[in-house]
Amino acid sequence: MEWDWAFVMQILPTLFEGVKITILATLLGSIVAAALGLVIAILRRSKYRLISMPTGFIAEFIRGTPLLVQLYFIFYVLPDMGITLAPLVAGVIGLGLHYGTYAAEVYRAGIENVARGQWEAAKACNLTAFQTWTRVILPQALPPMIPALANYFIAMFKETPLLSAITVLELMNQARSIANFNYRYIEPITLVGAFFLAISLISVIGLRWLERRYGRIG
Amino acid sequence: MGQWAGYLQLILDGALVTIKLTLMGSALALVMAFIAGLGRLSRFAVVRWLATAYIEFFRGTSIFVQLFWAYFVLPLFGFSLTPLQAGVLALGLNVGAYGAEVVRGAVKSIGKEQYEACVALNFNRWQTLRYIILPQAFVLMLPTFGNNAIELLKGSAVVSLISLADMTFQAQVVRAQTGNTLFPFLTILILYFIIASVISFAVRWLERYMTRGLDGVRS
Amino acid sequence: MININRLGGAVSAAVLSSLLFAIPAKAEDTLEKLKEQGFARIAIANEPPFTAVNPDGTVSGAGPDVARAVFKKLGVNDVVASISEYGAMIPGLQAGRHDAVTAGLFMKPERCNAVAYSEPILCDAEAFLVKKGNPQGFKSYADIAKDSSATIGAPGGGTEERLSLEAGVPRDRVIVVPDGQSGLKMLQDGRIDVYSLPVLSINDLVKKANDPNIEVVAPVVGAPVYCDGAAFRKNDTALRDAFDKELAAMKQSGEFAKIIEPYGFSAEAAMSTTREKLCSASN
């Protein structure tokens, strides 16, 4: 089968519609993941084992099971419990939940990365817990987290095609629709691949810059 | 109840396919990780360049896209793969690219004095790598390899979309037959978690096993 | 310490040998090849009663049953089925992944250009599944196009998806639904307003769902009765002709009707039309 440039030009606008949804899902998913990750990280640090243990188990469970199945679960099982989410919302929650557990690990590593002496010094200076966090710990812990978080958000971006399985009309779904309608797979799928590759290569350069600017964990 | 047993059997058949995919994919990934990871440390610019291209390409494009490409586009060039072959190929090459960075990082983290000792003992490059560097580096790679294997297991769910009868796919079949959504999905979520736990347990055991007697050696 | 080198070598050899096993499809004398290997690879959907997967993993449904019977007469003892999305069937056939498609892939002129169809096998009209009382009063695909808030679910690459798009429903209101159960669920959950499949598939779905809040609209106005055929690769006309000959004999002997009528299909409908007629139809 030959590569057909005319066909490429014809399908580009449709694919572009999908690109918009892909980017939207990634951005929203990143925000949810960043926020949720913080909640998980804080709960896991809780003094009460009744809080920290179940949170730890749930996070491990989410990290150990496929995003695709989690998406199916959110999309098809939750309505039985009275929660019906729009496809994109379900997708963003799935992405956010899944990568939130990864983000939590980043936060944990970032906080543990701050030397013990800093905590002790804060105590010696008679700082309150709030002051300790905002003035001493977080300013040191946050910068190295940024590249690590960015790394996971890029990974999330590459998993957005899974949303097509729950009928979100993102890039991959548009490409499959085109392929199904025209019985031609080569151009749409290759273009999707090229798109992801281009964005990833750009983001790798961005990531290297972030690492130089903020350092790495560990 | 007897009916459920039949459907559960179907899901367990799928679990077998998932395990097979994970094992074969991990094997391919391991090979690719070493080839590309060591390739990036090669003396020859061409080898370094090829390894980098492989790593960036497979890390850069999504596993989903790679799988579709292997399944639908490759046959048009005359390489017809069964769904299983396409699945193993895409998963192995994809995770191998991530593993390559682990190999590279671990090898580079081995102290300079180890290399100097090898020079002193008149080892050639291959001997240095084989007897001194890799045995130490491999232990460092293990935990991350374990995580990569779990990522591969999770990625394998995607093959259900190219009609390979893995666990996720069988769950869909059961769902279509019974009209029940909760049972099949909950079952496979638990099964995936069990498999992932087995992997991380096995890797931890292997790590303990391989570091026996190394305690005093490592800095 | 394990021998990394030897392990890697053994593993890579195993992986490579399993990967090199791929055989490119050959055009000439497919029937001989099928006879030799003893089975034909067919693509099916999981859409009862056209095609169905049993709890024990075996395949039934009207399409595979007819294919199995005809192939047996041709000296090919068994069929091996793989489940596929409708849109992926024809590319899969062309890519040599399947030897035939027997999945209720209705004959339409553009499909006739892409594959070699047998004579008609399973005929059915189109139907809508809607909420009880059909609140929006949908009778045809054009009705859905007119209502700017209505969404319709259809299988990806299936006839219904194409009919919706051709009737002027915009792409973002045609929701590609992976399978019947998902379509039913999405309708019940209010995610789509209409779910469209052939009449018999919808009836099967409704029977299993046993839900008093849904209703069937059949047949859809303006969508004629379609018939599928077994689809072969364009250059496999010899195999197709051999298939046709046995199919015609089975239609004559009444064996054909015996296979498909228990599933609810009309043998009469398939016998009263021809491939030529269906492939040249302008709709």
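In this document, chain identifiers A, B and C correspond to the written order of the chains, with residue numbering beginning at 1 in each.
Everything below uses one rule, namely that a residue touches a chain if its C-beta (ideal position, glycine included) is under 8 Å from a C-beta of that chain, and two chains touch if they have at least 3 such contacts.
The chain list, named the UniProt way, goes like this: A = Ectoine/hydroxyectoine ABC transporter permease subunit EhuD; B = Ectoine/hydroxyectoine ABC transporter permease subunit EhuC; C = Ectoine/hydroxyectoine ABC transporter substrate-binding protein EhuB.
Just so we're clear, the structure is a prediction, and the values are computed from it rather than from any experiment.
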Connected chain clusters in the absence of chain A: one piece
Selected pair, greater C-beta contact count between B-C and A-C: B-C
Chain A and chain B: spacing of chain centres that average the CA atoms, whole Å: 21
Chain centre separation (chain B, chain C; CA means) in Å: 35
Junction residues of chain A, two or more chains touched: 1, 76, 165, 176, 179, 185
Chain B, residues touching no fewer than two other chains: 72, 76, 181
Junction residues of chain C, two or more chains touched: 85, 88, 91, 94, 178, 185
Touching residues on chain C, where the partner in the complex is chain B: 1-2, 4-5, 8, 11-12, 14-15, 18-19, 21-25, 46, 53-57, 82-85, 88, 91-92, 94-97, 178-181, 184-185, 208-209
Chain A - residues contacting chain B, complex: 1, 61, 63-70, 72-73, 76-77, 80, 158-162, 165, 172, 176, 179, 185-186, 189-190, 192-193, 196-197, 200-201, 204
In the complex with chain A, residue positions of chain B that touch it: 56-57, 59-66, 68-69, 72-73, 76, 150, 153-158, 160-161, 168, 171, 181-182, 185-186, 188-189, 192-193, 196-197, 200
Parts of chain B lying in touch with chain C, wherever the complex brings them together: 3, 6-7, 9-10, 13, 24, 27-28, 30-31, 34, 72, 75-76, 78-83, 85, 88-89, 92, 130, 134-135, 138, 163, 165, 169, 172-173, 175-177, 179, 181, 210
Complex contact set, residues of chain C against chain A: 85-88, 90-91, 94, 114, 156-157, 161-162, 165, 171-172, 175-178, 182, 185-186, 188-191
